[in-house]
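So, here's a batch of structures to check.
Paired with chain B in one complex and with chain C in the other, chain A is shared by the two complexes that follow.
Entry: the complex of A and B
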């Protein structure tokens, strides 16, 4: 049903105004293109399953994973994180003062920080909180940052990814575009891009592993990886991916990885958070 | 001359640097030109590595090779040092090339973003544009070594060419074909054909678009970027045997040279065979259908066979560019 009167007015307005609205491909169209590609490959996998990463499409792996999830290996890290959350800093303040809304805040990250002109991720915000209170910042890949992140992730379960790119600062869209470019740029001696594995060849195997879809990649961090024997951050995983394709890993929480996280998170818009996760 | 150039680099390095570099250089001066060469190679490798890093494209092991080369040099193993530095330099140069070549984001063909439904305004405004889709105006393809741009006709009076205009076709042989002709064989349309043509034009050697019609049809035009392999050259009779030795040879030749299948001990190996897009004159044309059935019988993987069912009649009815062979 098209209202022709409105249409006429619109056309007239456009002609008078002398502007042409062209169809544009933005983040939502990008996300849809990813979803379409996966739907075509895995027609029977419902959208909400994508939060489980490769286990949405790997039956055998899924059985093992479900068994692991009965006694989640990341539980102790959540407990440790709770202790960190509660424990006052040397100056008497605590994380609670930096994040007055409470620990269920993972869905608010990453977001565009207009003041600092950069993508603000949760680990970065945590460290800024520490530094503002005279505490030593945490390392970004391994160690205690994963405890606090595990606790926050657990408290954020059920929140929905809803990354919105603000229109009032063009740098935000630039950061998204940079992240997208990173995703599609071939790197390393193997000449792979993120897309080679996680879009073009999703569901195929590299050695014994089945390649996961990118939609859902960001919903469940930090992750307890059996390979690591502990919980690690998303940026640790980025480094691992880059290493696997024989590219030199970039700096965790550096601009490139943060922009990549921004782009990737946008692909998971509409999906529930279910961290911390467990993976092989 | 190569070595000479390297030497001058290292001499420059001596003048500029202090510490260990000049020590090594001093050693080199004493008489081992190989040592100087190794040092120069390491310097060059480090330069190459830095260049790659400057475009965020450094490889994982380049730094490690440089470190190993330095260790080898310290241990007096100049040959090893030279070899390792050479590997590192090559890696650095390749990595830089890789990063540099991707300065602009080029989205891969498998990533298909549909532009959001155009608003009524832009639909009304763009009525005069003769696009293929709202986001696609033309596709550049290679036809017999020349670039051809496929677009839709802008001629307001264009109609379907005479050769394809007739609707009176006798069946048999010109019987209406089903939508799907076999398990696993995709039936595709114009946009998918354009995608495959674009892939070929961009250098993808794994795809071939085949016009299955007899060669006399070529003068009436074909899809730019396709190759003509008349359907009767891909032919086995119902018992799966060939009519004549000449036919066997002809088919073998096509399978091996044009489709890149391999024959070992009389068995076909289709693992490296191309993805074929076959078409003929239209939905009433049984020729590409017959070819696909024959190829499937020979063991050609179904997923490597794509059928453009609409064929030429559909192509010209969309006003898409044709070329006369």
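Entry: the complex of A and C
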């Protein structure tokens, strides 16, 4: 189902609203090309607004969202997360021992883990902490992982996304390129790539939904989604997106989604973290 | 005279037959066409089928999207009905960057469903 003809064309010379991404471009050039494309479409939206996702460009939706944010639906999850953070494991240790820099650490993820040779995300690091201490790992899409993630996100508010791809391990750039390739690859029976909706057609409507820009996509997770009736992870959203286009959802925290998160997060470099978020 | 009358009557009869035939045949085919158009509309609006309203303003579709162009004046835009069918079958053939679903090549709809759909879309 993957349309390689289109992929080749897009990755080699993606036309981004008149701006061109070349295959040789580095992450910063990629980010700038995305930003230029959105600025061309939405000249009056200031950069710092992009952390608000679709509400940066959807006036009507924004009013409803601001009303929701008056009494944030994710608050109880933050409280539950604080309890998890404080509660000792069976061996007497706690999350604090794994993350001595404190709970405000979301801006440090994802990052390249040279030792393990993989993109390390925050949910993965949390589970490695649990397993190292003889605890059962948490599920990656639904449930309590969202509590601890909500607390960490809240404590990380105001930190700035600054994903740096290390130069001393070529596998890091490969992971970025894999994520970028995923983003531009059409998939599923409906033949959409991430770029189809979130780059080429940002601001357009499917039914009443306005398609959001990818710059800012990663700043506010986990998200309380009214459709879910609870808080869910970024990778749960990836799966939902893949299901919508009738593609097989991939494994949450599997290599492909982690690499996608690596690429996507790089697009938000310079933007403040503002999680947890609320969406309809 | 009688003979003449007879031939007149028979001519009138033939004319009546011809007229009714002319009237009946188009009526029949129009009825069949409307049936296909109705079937096509159901496919176009079905959320698990064409789901066209998600991206196109069309007919009486409620809350349409605007990712694709409004579907109006389709006979003027596609004088050749086969080209409209080809566009629905595989939009990436004409434009590799098209965001439209390739309903035929990816088997989202069957050949028969696409025929009905084309009848309907072409009527808009």
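Heads up, the rule we're going with is that the second predicted complex is superposed on the first by the 256 of 280 C-alpha atoms of A that agree within 3 Å, B and C clash if a C-alpha of one lies under 4 Å from a C-alpha of the other, contacts with A are read in each partner's own complex, and residues count from 1 in each chain.
Everything below uses one rule, namely that a contact is a pair of C-beta atoms (placed from the backbone, for glycine too) under 8 Å apart; a residue touches a chain by one contact, two chains touch by 3 or more.
Keep in mind the model is a prediction, meaning the values are calculated, not measured.
Undergrad: In the overlaid three-chain picture, which partner chain does A:247 touch, first (chain B) or second (chain C), both, or neither?
TA: first
Undergrad: Going by the contact rule set out at the top, does A:237 touch chain B (first), chain C (second), both, or neither?
TA: neither
Undergrad: Quick one: is A:32 in contact with chain B, with chain C, with both, or with neither? Answer first, second, both or neither.
TA: The first partner, chain B, only.
Undergrad: Tell me which partner touches more residues of chain A in the superposed arrangement, chain B or chain C.
TA: Result: the larger residue contact count on chain A belongs to B.
Undergrad: Is A:206 contacted by the first partner chain B, the second partner chain C, both or neither?
TA: second
Undergrad: Using the superposition on chain A described above, determine whether A:187 touches chain B (first), chain C (second), both, or neither.
TA: Touch status of A:187: first partner only.
Undergrad: Which partner does A:258 contact after superposing on A: first (chain B), second (chain C), both, neither?
TA: Neither chain B nor chain C is touched by A:258.
Undergrad: Please write out, lowest number first, the residues of chain A touched by both chain B and chain C across the two complexes.
TA: 10, 189, 191, 200
Undergrad: Which residues of chain A touch chain C in their complex?
TA: Per the touch definition, chain A meets chain C at residues 1, 3, 5-6, 9-10, 15, 189-192, 196-197, 200-201, 204-209, 211.
Undergrad: Under the touch definition given earlier, write down the residues of chain B that touch chain A in their complex.
TA: Residues of chain B touching chain A: 53, 56-63, 91, 95, 98-99, 102, 105-108, 110-122, 124-126, 134-135.
Undergrad: Can you check the complex and tell me which residues of chain A touch chain B?
TA: My answer: residues 2, 7, 10-11, 13-14, 20-26, 28-30, 32-33, 36-37, 177, 180-181, 184-189, 191, 193, 195, 199-200, 242-243, 246-250, 256.
Undergrad: Spell out the part of chain C that touches chain A in their complex, as residue ranges.
TA: Answer in residue numbers: 53-55, 63-67, 92, 96-97, 99, 101-102, 106-108.
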